[in-house]
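Next come two complexes built around chain A: one with chain B, the other with chain C.
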Partner chain A sequence: MTDQPTFTLDGEEIPFAEGQTVLQAALTADVYIPHLCYHPEFKPHGSCKVCTIRADGRNAAACTLPARAGMAVESASDALNGLRKVLVQMLFAEGNHFCPACEASGDCQLQALGYDLQVTTAGFRHFYPVRPVDASHPELWLDFNRCILCELCVRASNEVDGKSVFGLSGRGAGKHLIVNALSGRLADTDIAVTDKAVEVCPVGVILKKRDGFAVPIGQRRFDRSPISAQAARDAPRAARGSKEDA
Partner chain B sequence: MSTDSLTVAAAAALDAILERHGRRPEQLLQVLREIQEHAGHVPDAAQLRIARALGLPLSRVRGVIGFYAFLSPVPWGRYRVLFSDNITDRMQGNLELLDHLCRRLLLEPGRMSEDGLVSVDTTSCTGLCDQGPGLLVNGWAIPGISRERLDVIADLILEGRPVTAWPAELFAIADNVRRAGMLLDNDLRPGDALRAALARGDLSEVEQAANTRSWREANMAPPQGPVATLNEIRAANLRGRGGAGFTTAYKWESCRNAQGEQRYVVCNADEGEPGTFKDRVLLASHADLVFEGMTVCAYVVGAGRGFLYLRGEYRYLLEPLEAVLTRRRRDGLLGKDILGIPGFSFDIDIHLGAGAYVCGEESALIESLEGKRGIPRNRPPYPVTHGYLKHPTTVNNVETFCAAALIAARGGEWYRATGTAKSAGTKLMSVAGDCALPGIYEVPFGTTVAELLEMAGAEHTQAVQISGPSGTCIGVDEFQRRIAFEDLATAGAFTIFDDSRDMFEVARNYAHFFAHESCGFCTPCRVGTAILKATMDKIHEGRGAPCDLHEIAQLDDVLHQSAHCGLGHTACNPTLDTLKRFRPVYDRHLDHLDFEPAFDLDGALRRARQMTGRDDADAHLDGEPAP
Partner chain C sequence: MTGKTKFKVATTSLAGCFGCHMSFLDIDERLFELLEHIEFDRSPFTDIKTVGPCDFGIIEGGVCNAENVHVLREFRRRCKTLVAIGACAITGGLPAQRNHLDLADCLREVYQTEPGTEGGRIPDDPELPLPLDKVHPIHEVVRVDYFIPGCPPSADTIWKFFNDLLAGRTPTYPHGLIRYD
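Up next is the complex of A and B:
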């Protein structure tokens, strides 16, 4: 480990491998930086901006910023957590999020981040967008109301499933998720329940039918412990192994 | 055209377009734009055929159609009339004129007529501010809209006359050059700058190609002098004219030194900043200088191919520009072995945009060139090392290439003699708004705002928006400030507001613009610009409160800290600039309360009162019966 370059994160030395971003290196070292659109199995995207950090005096998304030796990174400050809180509030205001009735409650990263960042209200006027649900598929349904446009399903379907089931259309506040079918309906795509894209949705958009309350609310992932205590578990195992060995 | 299948003729037309673009996926946007122009929309069946031909998922094709304002999967009518909706168009009465046309055609704005003949709507600034209001009919620009001209247009539409057969007089667009300088008055002939650059080679040090895979390696002798030309650009201290002011020589050198088998030169002619139109004039009347600058750049960096990315609003310039390219190829100024220099081969393609302001950002422009949604990339890596198709790419503004051509011809020292210490040369200013002589002014850097106002015959000026909504709004006490990178950096917009204008409404127009043009990629910009727009509308409706102003300040902070690109960073600037300098205007719009809801609480009971037939004092929230 001695020859590995390092940077500091809130004063702590973080070693990194060539090509890693700040977020990847931090997660590998079991240090949590809040994030939503990042997933260790996919190419970093940098769209949600929840992982914004301050590196050498400039703000950047930790998930896309390449780690550099000697860099001084600030993440857990009140200012940055305040910014993250506003970003999460913006996502709550933009969609139609109704946690008590959502099937993903307790498994939802947006909700879990909201708890961590002490989001108690949306803070902004709600947009109340009209986003009809697609229940056409026999085994899956899409509730676009909760979509946060992280594009994880797009990336998973392209990169892992090799199907390109999901895509994005529109722009600005009109940006929205679409599926790869002339009819525009999920039933007419080649999606399978076992697809990576189904598994990866961090909120409650892609849901399995007849599976809603298999695990009761109160016993779900983020009901047991906060997201900040769990996220490093998703980090690439090989990289973490090296730390555990050390 | 049916949505289920294409007619034989439509399929053949589509196949011809696909064939012309080599069935390459990076040509997707060009293919879609041509289908749109040919068929008036991109029907489902065409989308499927395009997806198959280019080997792309249908969702990708639909995503691109959904991103660009000038593409549509459903018909808009045989005539699509789009009124330019910049603040200067507003000041020239565009909305009243839009209303007039809609009444003539018995239409609602934004909705196609029942017979599928026509639709009328608004669009972002079309770059005709000096001769506005402007509009586009099926993509073709018409300046100087008046009721009389609209009556002519309405008749032509009702007669069903094809736009190509409309009187040419309608489409006549003037240059309005009010003051020319070293650039607009240049007496260069096509090829002069290139010949000077090549001649300079004899005097220069031996060419040292940093990249061994470039064409330059094949040049045995004598040294052709790309380094000498780069040195002149450096000596001139040329800085990019797109607004950011990045040092051109440094950009070219970085691209030249980057590892890659192929290099590209891209001219950013996506002049979308509201209030800017100088690139339009350069492309209309100085196209040779633009292409010459690109070719000089190709010579310096070792590029084999170039693109002119032309904004969709300037569609009418496509054929004249193609004609200039054809002539330059014929004269040996483009193509293989330019001016007889072995290995100096370079050619230029024109790519048309399709209505997306964000594509002016260089990495979004490259995405768009590759046929994708115009989303700014994560950087690093930068385009100079990973640009078009991941190859090293130099992207410069139209005016920058013109200046580079001048420098190649006349030398760096000559160029640097004009301007200020940190801003060499001249700047083309697009002057519009409240003044007697709107148009193009070429002024040396260091010219004050007051001097420019005087030249343009502006009176009773209360504010000038420099560099469009993403720039700065200044008031009277700052008119001695200078146009220069040291003080007021600018891409060239200079929009004048006299004391009759409501600066709050100016800021509100710009807030709508940013919300419309946000690409939606990142959370802060996608949501923040929409909130800003809603808040400005709330204040406009007389329901604003001081807490709304606090919210705008908070939004600005969040956008500056976390937005993905310049659009988000600057989206709140016009509001905060005007708030700082023209606060009383805002106060007049505000209710003097701590909080005011966005909706009318008492008004919400109106329906219930009507249904119950009750209108006494107790049926009102404030206990007052309706007047």
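Up next is the complex of A and C:
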């Protein structure tokens, strides 16, 4: 313990292992930094910027910034939480996030992050983009309206499933999730209901058919406790040791 | 809360289902306590048709037609503090799910192509408010001071909101009280 390097996070000493990012080290130490596109089983991506922290006076994404001994990191300030709040608000405004009609409500990380950050309105003009759903597959359906472009399904399908079912296309406000088939339809891919890509979606884009309300609203994951209180459960597996990996 | 003057509160439902008003009533016996501090002006609870000078205006529902715009602007003019309550007022909600459809197609579908309405006319009485091309959350039309999310927000959420507001605190919602559903 004495040999382990540390950095400070909001004044608290955080030990880290070689190769860990600031976010991984913080989560391993049970300290929550709000994040969205980061998933402990995938290489950090740094696309959503919700985990932005101030390290030695400079803003950086905690999920991609390597931890360094002696670094002074600031995360829980009003300024940074205000920035995170605006990012979440923009994600709500850019898609069609109609939570009351979403099967993922209560299990949705975007929604839960909103709860935690006291996001009560998108604030901006809603884009109301036109994004038709894909219900072609017999067991799964895609509601593109809720996509936040985290690319977790893209990464999972490539790296774990070895199928390359999903991809992103377009630029800027026109960037969108696509299905890698000539027809563009999910039914014409080899995706399976058991694929990792189906499991990792943090919002309600990839949903199983005939599986609605298996857990009633009010008893779902983030109904039980806030996302910030559950961070340790998702902490980097390797760094947490064999206790939870077993 | 001090002093004897009660806060004046107006409420209205634009493109909403009155679920938020029902949830307001769901605070049950606590309404009596609340009524020691507030009195209602225009509201479905009072059936008063115009809004007078008020401390708080509470708006349920999104903005889907010309009359909604008129009422909303009147509330903004007459109320010191404007509150959006529920998913429809905050995001457009269920009515906004027509936003990706062509409005003329919607009207034709409802009035001319459904069984039994073939050959019917799309209503065009001048008394009917003109529908807007899109349904908007109210903050896209007027400045809004506070938001109470939920579809509808629970009675406890509304109760917490009023308690904070009447005590002069910025309303906050601990875990479990803020919901987007």
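Rule of thumb we're sticking to: the second predicted complex is superposed on the first by the 238 of 246 C-alpha atoms of A that agree within 3 Å, B and C clash if a C-alpha of one lies under 4 Å from a C-alpha of the other, contacts with A are read in each partner's own complex, and residues count from 1 in each chain.
Rule of thumb we're sticking to: a residue touches a chain if its C-beta (ideal position, glycine included) is under 8 Å from a C-beta of that chain, and two chains touch if they have at least 3 such contacts.
The structure displayed is predicted, hence computed values, not measured ones.
When the two complexes are superposed, the chain touching more residues of chain A, out of chain B and chain C, is B. Applying the stated contact rule after C-alpha superposition, one finds that A:46 touches chain B and leaves chain C untouched.
Residue contacts after overlaying the shared chain place A:6 against neither chain B nor chain C.
Look at A:136: by the touch rule set out above, it reaches neither chain B nor chain C.
After overlaying the two complexes on the shared chain, residue contacts for A:167 are found with chain B alone; chain C is out of touch.
When both complexes are overlaid on chain A, the residue A:125 reaches chain B and chain C alike.
Contacts of A:59 after superposition: chain B is touched, whereas chain C is not reached. Look at A:99: by the touch rule set out above, it reaches chain C but stays clear of chain B. Within the superposed three-chain model, A:230 lies out of touch with both chain B and chain C [touch as defined at top].
Residues 125 of chain A contact both chain B in one complex and chain C in the other.
Touching chain A in their complex are the following residues of chain B: 44, 47-48, 57-60, 62-63, 65-67, 356, 373, 378, 380, 515-524, 526-531, 534, 551, 554, 558, 561-564, 598.
Across the complex, chain A meets chain C through its residues 92, 97-102, 105-106, 111, 114-116, 118, 120-123, 125-126, 128, 130, 217, 223, 225-226. Within the complex formed with chain B, the residues of chain A that make contact are 44, 46-50, 52, 59, 61, 64, 66, 83, 86-87, 90-91, 93-94, 124-125, 127, 148-149, 164-175, 178-182. If you check the complex, the residues on chain C that touch chain A are 84, 87, 90-94, 96-97, 99-100, 134, 136-137, 139-140, 144, 146-149, 151, 172-173, 175-176, 178-181.
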